[in-house]
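Presented below are the structures under discussion, each in the form of structure tokens.
The same chain A turns up in both complexes below, where it pairs with chain B and then with chain C.
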Partner chain A sequence: MNEVATVAGAETGPFEIRDYLRLELMPHFMCPGCGHGIALRALLWAVHELGIEKDKLAVVSGIGCSGRVGAYIDANTFHTTHGRPLAFATGLKLARPDLTVVVISGDGDSLAIGGNHLIHACRRNLDMTLLMLNNEVYGMTGGQVSPTTSEHRLTTTTPTGNVEPVFDACRLAAASGASFVGREVTLQAPALKNLVKKAIAHNGFSFVEVMSDCTEIYGRKNDLGESPEMILSQKADMRPEAFGNVADQPFRPHRLATGVFAELDRPEYGAVYRAQPAFRKG
Partner chain B sequence: MSEQLTPLHGNHACALGAIAAGCRFFGGYPITPSSEIAERMSRELPKVGGVFIQMEDEIASMAAIIGASMGGTRSMTATSGPGFSLMQENLGYAAIAEVPCVIINVMRGGPSTGMPTRPAQGDILQARWGTHGDHPIIVLTPASVQEVYDETIRAFELAEKLRVPVVVMYDQIIAHLLEGVKMRDADAPLVERKWAGSEADYKPFATGDDLVPAMARPGDGHRVHTTGLTHNEAGFPTQHPETVDRVTRRLLDKLDRHRAEIEKFEAVDTDDADILVVTFGISARAARRAVRIARAEGIKAGLFRPLTMWPFPEEALRAAAKGAKAVLVPEMNAGQLSWQLERVLRDGTPIVSQGKIDGQPITPDEIVARLREIRGS
Partner chain C sequence: MTADTSLDEPAEATREASRADRPTNILIVGVGGQGVIMISKVLALLSQMHGAEVKQSEVHGMAKRGGVVFSHVRYGKKVWSPTIAKGEADVLIALEWAEGLRWLDFLRPGTGVFVSDTRKIVPPFACRNRKFGADRAYAKETPAEIVSRVGNGYVLDATGAAEDLGNTRAANTVLLGALSTTLEFPAEEWENVIDQFVPKGTQEVNREAFRYGRDWVEKARRDPAFGLSDANAYEAPVLLPGEVDVELEINETWCKGCDICVKLCPERCLALSEKHKATLKNPAACTGCRVCEWLCPDFAIRVKRTAAAEAAE
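Here is the complex of A and B:
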């Protein structure tokens, strides 16, 4: 584990999410059943098990329902502009290598408006972690098509079904040079927590795609059922009979692989910059 | 104290001014005629333990310097017209989140790609109103290489002290001009940002009479939320009408409260001037000579030159224009400053715009010719 500030010598004890939330902001804005909440919990659980001090945790987020999640975390939180959180985080991490920097972003935020920043962040390999909450849609703005909306799906801007192909974000990140790449579904919260832990502990740029769900808008529009049905269908083979035949209407028609896809020992950008001969410690 | 002058190009003076002012982070994207600033910063910053990064575009550059500044580091970027346009959204973020940062805009001909290697002064209204919504911003317009050095330092001082983005604007000619510069002593004291202490009732956007909130450095224990959403004194989003009105007015009043230290201008022979020439930057150098020539011919001309373009030194201009029968505004755009003067003077004094938009600098002779015309009429 590298550059992660931990509570010295302390056993972290059982995870209590309240210890990491700004309770004064409750109730939160998320719709019942929104997968973003599970992602938030997984992140805080990982932070807890890694023993990261809240004072040394910086959470940088973009704009979207995903971006609003950051405000609830009792840490140094920066809610930035649409698509740009990685660029803000790049400056923050270079100025403050002592901070653990986690970026929370959406599929639109990371892959559409922020696509350029994503590939360059992957390429540079600065030590931070991006959690891209992929709900296949622009949740915050009312359900428009996104670069990960599955084919044929209905959105408010694809009234007769989406005809655009999707991005495979993990392959994009890996091809761009991210030294840690993984994907997990919200159905398996402990597995998601463990993946996020690995990603934060990894020294370099970590890309984690969290398969989230927008129950209220995307689920309803496409008749994908309630939250449990959507979450269970993230892994088709785990969907019990009780929820009907997944072949009819699975949330994600092509089962996406989960797990760690890349874990490389590449030079970390900040360390390389500071190792150049001209560099004097200020 | 060294009285020696160091020969420097404008863009290099800008970079060295930034280093002298304590700048330790630069994020930028190459663009003519500003690139020498980035190039010089890439060499100077490592030597002082600072970080230079060439970002993937100007949107990212602006975001990165805000990120670094929120981490507690004095930060800067440099660009020209097309890049300045791309920075506007995040510039608004710096204004509402009150993040100190310095943006250098070396102006070239526009709109769009325009004339990359020709000078212009066409961005002064964009610098004031380029980002959406009502917002505070400071814009400085130096006219010599020495002033580029000094005003870059002043930009950092104002940005840090008032927690506001500060834009320094000059043009392609000053950028590449070679002039002697008196450098600041290496041990000159730096203006410090107002940092939060360990107070238990700390509110990140609450202020005293100076209307400037104290900033919490990440890691110092306050665990603040920073957002571009309209936020209350605690830093959290709000749409409560009274709160929104209160916090937004405080944000706008902040610069008014500090006008005296922000405003800077030069007034030459304005006391008895019949014709007041008002201009800035490179055009003011031609105007200064034109005023001298005109005086020798018996035309009572004077010069008023804002070094602080925004907030505009309104009172000072009105004082300088008192008694003038006409105001002449030579500038390398189609009349942006002259439009502004109509708002500030509004006393019926004829305002003659001498806008030049052919990519060539205005000459003293051209200004003198207009002064003769005005006297004749």
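Here is the complex of A and C:
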């Protein structure tokens, strides 16, 4: 059984983002052109279309720019420690299975500091959704190299260019057992919304990699153009030739596949956990 | 020998008289993923089994994008050109309604047979109506109109029928069933050949789909009212004529001047002001597509209907 608190068959009406924001905190803290805003919009849009009540939505986030994203959502939000949002979310979901739990985390938060939590959350397959906002860099702490920084990119800790290979987070999540795995770029906002909708509705652990961009810290250092150029070159095959001032190189040199990579029907951890004899005796 | 090069046109009379000598021309059209190529393969193999020479050519590059796919199949004693000239197709099979219309003038006037699914596949952006919230533009012609214009028209809800049989993907087999009634090959051969081209495990449903199409045409031949039943049941798209009835609400406090909306608006109707805030410099060009609203990372743009448009409702 899918535990998304949807109003059965309800037509949810036009999406008005202001209904889902903590207006007193707006405008948000993110830099001009930061893709995280588009990702946040896609999440709220998906929540709206699924008809999830705000009181039944819990957003857990870690540290980093991505960690701050959750704070603007007018729902139950939980800003936790670096790399550990999945651990907090696991406890929350087990205690309150009636909530729809969404975790917002970054590439560094999920893959480096929280790498261990990630693989075990995937393995357990507890019903929640992880949005990993991948902007290839630690933006908030000043632009250090992350596990997804593309080859040869300059960061404050790779002054002569990054020499480490890039982590393919979707393959990692799928191999670790996540029962729903998908990736989308923020440029395709409606497709991203649809992917997030599917991920939230999926019963089990859903991993969504959102290809975002960091214009101020990463784009500028690497001469990748301004926000419009970066958002248009989130994939190497999406080069914007139309603008005169295109950077010499696309933001992401890789040809990225997008869409749903895994959608499996595996036992959901919460249900399995509650079915234990000890739990039933209570 | 009647050389068929499609270049030196035989006179109308001789062309009709020599139907047995000249190749049979079948044009199959649809959009990506519908099975245009599968139909071509079935036809090619069938005619080869009957000792005919076959030439087939296709465009399917757009398939992955849901774009146009077409395939020319020509078979007969001797086939020279691999493509069918305008007005020379004996049969036009359309897996998608608007695609069928697009190719209608390839049909041989007077005698050409038009076999089409009534299903609409509306391209997401390409023919969007430039009015906020309006239906997307789509061919206005109804199946009933078209049937009255062609020599012989069989317009059926093949996708609906396939859905009822339990597999939407068998819609093209329904159309093959309809097609089979207009060509000379025996029904068993069709079924055997189709078996080879459909995925394992779907042979049974495809056989049913084939028979459905065949029976449908036979019924339609006996009862013209039945033949038009699907055509008449078709819901024509509602088209609202043109002006834009949207306006943009730009929240200057939230806008950070990132330029995304300015550069990504397909109509280029936005600009940054001196204060580095987005402004609508060309309201007349705005189509209300909402790209700016979706992509503004700061939620500073809202595309909404004008008060006048609201009141008009």
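Criterion: the second predicted complex is superposed on the first by the 261 of 282 C-alpha atoms of A that agree within 3 Å, B and C clash if a C-alpha of one lies under 4 Å from a C-alpha of the other, contacts with A are read in each partner's own complex, and residues count from 1 in each chain.
In this section, a residue touches a chain if its C-beta (ideal position, glycine included) is under 8 Å from a C-beta of that chain, and two chains touch if they have at least 3 such contacts.
All values reported here derive from a predicted model rather than from experimental measurement.
Undergrad: Give one word, clash or fit, describing how chain B and chain C relate on chain A after superposing.
TA: On the shared chain A, the partners fit.
Undergrad: May I ask you to decide whether A:17 touches chain B, chain C, both, or neither, giving the answer as first, second, both or neither?
TA: second
Undergrad: Return first, second, both or neither, reflecting whether A:77 touches chain B, chain C, both chains, or no partner chain.
TA: Touch status of A:77: first partner only.
Undergrad: Considering only touches as defined above, state whether A:116 meets chain B (first), chain C (second), both or neither.
TA: Touch status of A:116: first partner only.
Undergrad: Quick check on the superposed pair: does A:28 touch chain B, chain C, both, or neither? Answer first, second, both or neither.
TA: Only chain C is touched by A:28; chain B is not.
Undergrad: Of chain B and chain C, which one touches more residues of chain A?
TA: It is B that touches the greater number of chain A residues.
Undergrad: Per the contact definition in the header, classify A:89: touching chain B only (first), chain C only (second), both, or neither.
TA: A:89 sits against chain B, while chain C stays out of touch.
Undergrad: Could you look at A:165 and tell me whether it touches chain B, chain C, both or neither (first, second, both, neither)?
TA: neither
Undergrad: A:279 contacts which: chain B (first), chain C (second), both, neither?
TA: In the superposition, A:279 contacts chain B only.
Undergrad: Just how close are chain B and chain C at their nearest CA atoms in the overlay, in Å?
TA: 20
Undergrad: Share the list of chain A residues that count as touching for chain B in one structure and for chain C in the other.
TA: Touching chain B in the first complex and chain C in the second, no residue of chain A appears in both lists.
Undergrad: Quick check on the complex: what are the chain A residues that touch chain C?
TA: Going through chain A, the ones touching chain C are 17-18, 21, 26-28, 30-38, 41, 186-187, 189-190, 215, 226-228, 231-232, 243.
Undergrad: In the complex, go through chain A and note every residue touching chain B.
TA: Touch residues, chain A against chain B: 22, 25, 54-56, 58, 60, 71, 74-81, 84, 87-96, 98-99, 116-117, 120, 273, 276, 278-282.
Undergrad: Would you tell me which residues of chain C are touching chain A in their complex?
TA: Checking each residue of chain C against chain A gives 253-254, 256-260, 262-264, 294-300.
Undergrad: Going by the contact rule at the top, pick out the chain B residues touching chain A in the complex.
TA: Interface residues on chain B, with respect to chain A: 24-25, 27, 43, 46-51, 53, 55-57, 59-61, 63-73, 75, 89-90, 93, 218-221, 223-229, 236-237.
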